[in-house]
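There's a structure below that I have some questions on.
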Amino acid sequence: MNGTKGYHPGLVDLDSGEISREIFVNADIYAEEQERVFARAWLHVGHESQIPKPGDYFVSSMGEESVILTRDRTGAIHVFLNSCRHRGMKVCRYDEGSTTVFTCPYHGWSYGTDGRLVGVPYFREAYHAKLDKEKRGLVEVAQLCNYKGSIWANWDKAAPSFQEYLGDFTRYLDLQLDGWDGREAQAELLGGVQKWLVPCNWKFPAENFSGDTYHNISHRSVDLAGIGPSGRSRRDLGERDISRKLHVCIPDRGHQTILYLMPPGEPTPPAYQNAPIVQEYFAHCEAEKRRRRGDYGRFVGAPGEVFPNTALLSRQPRTMAVWHPRGPNQTEVWRWFFVDRDAPSEVKEFLRDYYIRYSGPAGMTEQDDMENWNYAHKASQGVIARRHPYSYEQGMGTAVQDFEWQGLKVPGDVIDITEVQSSEQPMRNLYRRWSEFMAADSWADLATWRRNDRTAAE
Amino acid sequence: MNGTKGYHPGLVDLDSGEISREIFVNADIYAEEQERVFARAWLHVGHESQIPKPGDYFVSSMGEESVILTRDRTGAIHVFLNSCRHRGMKVCRYDEGSTTVFTCPYHGWSYGTDGRLVGVPYFREAYHAKLDKEKRGLVEVAQLCNYKGSIWANWDKAAPSFQEYLGDFTRYLDLQLDGWDGREAQAELLGGVQKWLVPCNWKFPAENFSGDTYHNISHRSVDLAGIGPSGRSRRDLGERDISRKLHVCIPDRGHQTILYLMPPGEPTPPAYQNAPIVQEYFAHCEAEKRRRRGDYGRFVGAPGEVFPNTALLSRQPRTMAVWHPRGPNQTEVWRWFFVDRDAPSEVKEFLRDYYIRYSGPAGMTEQDDMENWNYAHKASQGVIARRHPYSYEQGMGTAVQDFEWQGLKVPGDVIDITEVQSSEQPMRNLYRRWSEFMAADSWADLATWRRNDRTAAE
Amino acid sequence: MNGTKGYHPGLVDLDSGEISREIFVNADIYAEEQERVFARAWLHVGHESQIPKPGDYFVSSMGEESVILTRDRTGAIHVFLNSCRHRGMKVCRYDEGSTTVFTCPYHGWSYGTDGRLVGVPYFREAYHAKLDKEKRGLVEVAQLCNYKGSIWANWDKAAPSFQEYLGDFTRYLDLQLDGWDGREAQAELLGGVQKWLVPCNWKFPAENFSGDTYHNISHRSVDLAGIGPSGRSRRDLGERDISRKLHVCIPDRGHQTILYLMPPGEPTPPAYQNAPIVQEYFAHCEAEKRRRRGDYGRFVGAPGEVFPNTALLSRQPRTMAVWHPRGPNQTEVWRWFFVDRDAPSEVKEFLRDYYIRYSGPAGMTEQDDMENWNYAHKASQGVIARRHPYSYEQGMGTAVQDFEWQGLKVPGDVIDITEVQSSEQPMRNLYRRWSEFMAADSWADLATWRRNDRTAAE
Amino acid sequence: MMSDRVERLLLTQEIADFLYAEAELLDERRYEEWLALLADDIRYWMPMRRNVKFGEDGREFTREKSDINWFDEGKETLARRVKQIRTGIHWAEEPRSRLSHMVSNVQVLGAEPSYAAPEEVSVKCRFLIYRNRVETETDIFVGKREDLLRRAGEGWMVARRKIILDQNVLLSKNLTFFI
Amino acid sequence: MMSDRVERLLLTQEIADFLYAEAELLDERRYEEWLALLADDIRYWMPMRRNVKFGEDGREFTREKSDINWFDEGKETLARRVKQIRTGIHWAEEPRSRLSHMVSNVQVLGAEPSYAAPEEVSVKCRFLIYRNRVETETDIFVGKREDLLRRAGEGWMVARRKIILDQNVLLSKNLTFFI
Amino acid sequence: MMSDRVERLLLTQEIADFLYAEAELLDERRYEEWLALLADDIRYWMPMRRNVKFGEDGREFTREKSDINWFDEGKETLARRVKQIRTGIHWAEEPRSRLSHMVSNVQVLGAEPSYAAPEEVSVKCRFLIYRNRVETETDIFVGKREDLLRRAGEGWMVARRKIILDQNVLLSKNLTFFI
């Protein structure tokens, strides 16, 4: 089933807008991805509110591997590979909890919540006190960042800091994590992380959430059935009417998103007409946000992607997703859901109901996404299919730098899709970065902006 | 599990009559087969009666891949890869039906029944009318042939025409598709195509249907239980008594079959004694066939194989099968069943009952074939097994060219197995051709007959 | 998922005591193992009491492949690959039985219980009597050894004899096969061979049974629940108090075991206090053994391993196990259970009950072993995990040659773990030998002792 | 004497008992006894299933007595199948499979002439058939069965059986068992 | 007239009949009739499950009405799901799945005000749902259901349904069916 | 007062209720209550199965009390197994498995001294046990159970249990649950 062996530059051709199916279905390329992408990029691990107290832990995943997100007795946050240094046993097999040590079931080595190897049975007798415990602590990530409560980690110490990695994308992640009223880090996690398996390569969801406005047609059945809390088929039609809808891509970083840019002054049109309390809450927040953020308060978020596999959705349903690779043909999705910490309980309840019926495997909208990813992948595995690349030609060459509308500049490569409806600039941005990771031997080659005029201004 | 890497000539040794087990169980060889055999050979797709009217379609398979057999509004027949040119989504997920366009569920591109890309949402807006629709139609096969209602297709435009590909085998395919009375293209398809999975390499059934008379002993339980419509254990014992039974192989083509050659003049002995109407019908047809076909009316068909994976069975049960590869260790069988279009309904009903209890996964006869293929494959995967090739020595060097009996010449390499009961000439013919496909870089090397004295006479 | 391609020396580093996870999870290394280890080493096949009469057979397994252990009409014992020479069909699909010939279901070739091809349908007609039957018998192992009733086989004719292969380990295998009272070959097999699948590489159980005393802590739940027939949590605490507990490794051979060395004179302390008949039986046997074996009667067996995949357990539960590889990530365990042939039926019954509740998938003790092997393997597959080798540093450099205690020498590399409790010398011994097999091109390189001063004394 | 409600519930229970007893005969390989439960005029039909467009359900199943089906036969052929297994050389069932027929959701959909004195009963159920053979070979078949049962003295006979398997491509190499 | 024991057994049988009939409506895609069996105030709840330490079972399930769950909704949303399937362009169910709902171990755990004259019945069962679609795609879902049934004339209505699926990571791409 | 037919049907229903209640205790991890349903002299036996030649069915199963079996034990050992799980450090069940015991085809094969006043009942059923644990680990076990139940006041006790699993090579790493 294996056409070419491994990655080579020709596969992603951004001049023609053609990308080979090999990068989705080829097992050798998948194996290389694990080393070149997932072992070097910043990955989302969880949220600090999942481990509020010292000793709390949450078992997460980075790429294919299980990791432990934990807060040590001093309150410091760590991420460790969930595998014993002795014979590799998975040291923690609970999803979450609180503990003082992680004791390995096999031979009883125990590790502190700071990863230190603190207990070795018969250390003096069997090891003659010779085992170097310092060397045998749990494998810790090379870098970790707590950004407004969201925890990110990286296995490569040569990688730049998370904020440098984000670059100009930071403010879009802010939309996810700040309050709707513009206050910092107000996001509160709802209990329960959705986890499920989809039979497709992880890049199908990654590109979909990068800003695929073009597939709205696939959700027509939801529009007909009605799902929106406003009683209209989509909750956000109102603001769509007066805003500019943009594709914003951060070149060299591989991050991209949809953005609604509201006009200045004008209030955001009412939504949630059927739910006065909710309508009132958001109206209030919108006003607050404008006041606090000033011009940037005109930003309204939408689906976006932090390279490589973390999806943002900063409007309703407000969620973050990670697309964990589970072999070339399978993806395990993890889904976190957010509300404003200080929102009235009626608002939280109202939104939760909406999130559940919209998102995930039982979500009326996303069920059809999974179906499409599944069969797009499946129909791309054969020898003939692999000879015919996918088309990413939409809106090629139409992106502008320094986009500005009504006095507000939007950094990055931007396409205003308000009239043209859609573009594939976000996917091209994603795969350009992906192929840089696949080609580069080290972060020295990947931190392109450091030797880059255009971004020198930063 | 992988002994040698990939195909090399020594694996098929026709001088010693030994063939390595690697060609059945080796994953690398399997991957090469997809390119070298299935992407270059003529494959059976279906029957025109499955798509009688413009807009009708039948979803079939070529090698590992799903294809759409369809009749466009002008009545022309096409075969397309069942995968969208945009992101690869399987555009048609029904087994059969009738439509004006195939609309992709993911982003709504739509293709005409002639494969043309006719609908692209926001073509003017999102694509600025720049997408080259001509280039983005459904991938169509390079060549297609409708031979007496049976549809064949080929991905390689350098391949010879289907009839040149068939060579002298044509008249054996005729036995399948013409009426029992010798009239042309009288085969009528019974409703329902059997599809099922067998855990073995596709070449086990392919060689079995190439003319494996040697495994009759494996069907002894059916003979004891009784299945034959004539009340005798096999419906065809009668004609066996007076005819010559031949193995006929078309050298250079890789096609082969069993053939019963009846004496001139003599009527075919009665069968179906318990079913007068059926007996009478076939008696009548036999006579008609002799009249229409003259000497060739003495041919009575039997299991045979069109290289690489289409099986013929032109007697009762009258069926065609395709052995679709589904990985080195799995085969998906598709089965079509035929009757004479103008046969009396009692005859059709009678034959249908016989076909069902004889053939396929519920067929008393073929159940045991599947069992043998399954465990022959399984017991050939290990390192020691792979060191011991299979034996194809039966009747080596006993084939003759220009076989003749009672005034009728039979072209091809022929072994008269009436007395010797069996030979492995058909398998040797199959694997000789298979290894030519695996070794050849292009059809220039594969059309051996064009530079071949023996077949120059053609 | 595949880090390095195939085996290379660096993976097993006995100087640092670090062994790469690759050797457990890498698919290429696994494929090489099948050729280099399992096709060249001595493997345990069964017990002669399973085939007491001429014509009896027991279907066993060597590495990944099915083999037939059979006794021919002359009473000679054979081991054959369970695959037909014609098309590879598995010729015997029963677990055990008695027969005069093995008739292949597919085309009816039949083989004698001595493996000779005795029946070929239509030999004269179809084969013109030309098939060389002598060449086409069932594939027989290159060497076979019946050691005190246990049957061992080897595919490599260049391998040394089984006894040379065992070297000084012979007496530990004797503990398994002789009677508890020291009489030769008194082991009687209980009916029923346990077979089950464990999702881990075969080397996890192999190293565990090589003498992993360090994982006793993982069985704490059994100690708390109580399982021992003596009513105490472990049946053997008594003798542990007065004996020396040793790790005995046979260098150059790759065999290793735990050994209890009792003091001279002193009787073994009583066990089985709750079962007088059993207590009395073992007390009697102990005395007999001392009398018969003299000083070596002080040996009491324990878990051990004959390289590569045969486990011994010569105390109670008295069992042998084979760890059959079934892909890099799966092992099929086969388990034989023994009692003394002449033991009273109450003793046999008593022991049988204990074996069942202790061992295998339903065994309260071993259930937890399987769990640990499963998740140790699973947590070692990822790219980051593979960068961190396992630690085998326990007791490095503490082994002695010519260990002696109270007048009895114990050959081999020995660590007295009575006080230190545990060491990883047995695992180091196992993997040293394993890497020799992986590196060596032939047995000329593997029979290291033949050119080895230290073992020249043999 | 008893209310209709009670009569219906007891009849359902009685029919379920019959179907469980039938399954038991099949799993215990008592095929001749099983044949004895089949009416001489039984029709044993298992259609194939197609993926069809919404609204075209009419084309979902292959048709009895005119299309190719997985099974579409009478008692004589069923008896021949039993005979074949009994030869001991029907390799697809030698060594014999380990089979369990799980029958659930037994519903009596109708009784003629009445629930009080039923002569013919139409019953529907779900089945799960687990097949394991040789070493590790395993299949699971799930679907529905629509049976017409006919009173036979104290007991019942199967007069007609329609088997709906929830598969399109058959996910097994063969169908060597009775459903 | 009848003993308590008999009343209880017959009630259990009657409730089982109801659950089988309900399953039949779902497998036959008669969704509107199924909706008619749901009380207007039904709560349809399917929590997610966590792996927790021994003794911390309290944290095993996500909480109704406050956490994220697989399902946690009322009749209006259920009706919208039916409507979506009926559009014929709900791709995750087009072509439609082949479904079998196997219901077993039907236990009546309580009846109010009495077993003799029950108005509300709490019932627990096991389910196995087999889903097969397109060509070879297959899922098996197994778990428990805790239903509160309410008397409705001659029959019953589902007033509350709690679904316990025996999975942690959902082993399927979606949940497009009713349980 | 009631006819034999009715007595038998009601007894079957009563026995089924008992088996469902027992399964519920196991799935809810109420092991001590489950142990209380076992007679002190219970024999809990699960043989291994061989592939044997046609006509040699006698050798298909390993023998109770003389061969090695998967299980062949009494109440004391069963109680120890419960105790082990309750330690919270029986790693093969920590974190605990998610289990469903589906029991179907409940058949009462005999009742002593009579169906009207049964003291001992022999009952056979089919089971499907679904086990899911940790993240994605899943096993399905299917087979038959032959139980001898003994009257115990209002209820019943399990006096003997024979478990027939439809497997040859056990397709799982362990058997850490009760069947």
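Residue numbering begins at 1 within each chain, and the chains themselves are lettered A, B, C, D, E and F in the order written.
Following the convention adopted for this analysis, contacts are C-beta pairs under 8 Å (C-beta built on N, C-alpha and C of every residue); 3 or more make two chains touch, one makes a residue touch a chain.
Note that the structure is a prediction, hence the values are computed from the model and not measured.
Peer 1: If you walk from chain to touching chain, how few steps can bring you from subunit C to subunit E?
Peer 2: The least step count works out to 2.
Peer 1: Looking at the contacts, which chains touch subunit B and subunit D alike?
Peer 2: For subunit B paired with subunit D, the chains in contact with each are C, E, in label order.
Peer 1: Per the centroid of Cα atoms for each chain, what is the distance between subunit E and subunit F, given in Å?
Peer 2: Subunit E and subunit F have C-alpha centres separated by 26 Å.
Peer 1: Taking each chain's centre as its mean C-alpha position, how far apart are subunit A and subunit C in Å?
Peer 2: Roughly 49 Å separates the two chain centres.
Peer 1: Would you mind pulling out the distance in Å between where the CA atoms of subunit A average out and where those of subunit D do?
Peer 2: 51
Peer 1: At which residue positions does subunit B touch at least two other chains?
Peer 2: Subunit B, residues with two or more chain partners: 93-94, 105, 197, 218, 368, 371-372, 375.
Peer 1: Can you list the subunit F residues in contact with two or more other chains?
Peer 2: 13, 51-53, 89, 91, 94-95, 102, 104, 128, 134, 136, 140, 168-169, 171
Peer 1: Between the chains shown, work out who touches whom and classify the graph as line, ring, star, complete or other.
Peer 2: other
Peer 1: Between which chains does touch occur?
Peer 2: Contact pairs between chains: A-B, A-C, A-E, A-F, B-C, B-D, B-E, C-D, C-F, D-E, D-F, E-F.
Peer 1: Residue numbers of subunit D touching subunit C in their complex, please.
Peer 2: 89, 91, 94-95, 134, 136
Peer 1: Residue numbers of subunit D touching subunit B in their complex, please.
Peer 2: On the subunit D side, the touching residues are 46, 48, 50-53, 56, 59, 62-63, 65-73, 77, 80-81, 83-84, 87, 89-92, 134, 168-176.
Peer 1: Inside the complex, what are the residues of subunit B that reach subunit C?
Peer 2: For this pair, the touching residues of subunit B are 1-2, 21, 24, 204, 214-215, 217-218, 368, 371-372, 375-385, 388, 390-391, 393-396, 398, 417, 419-423.
Peer 1: Mind listing the subunit A positions that touch subunit E in their complex?
Peer 2: 93-97, 190-199, 218, 220-222, 224-227, 332, 335, 337, 349, 352-353, 355-357, 360-362, 364, 366-368, 370-372, 374-375
Peer 1: So in the complex, the part of subunit B that touches subunit A is made up of which residues?
Peer 2: 31, 34-35, 38-39, 62-66, 81-90, 93, 105-108, 121-122, 125-128, 130-131, 136, 139, 155, 327
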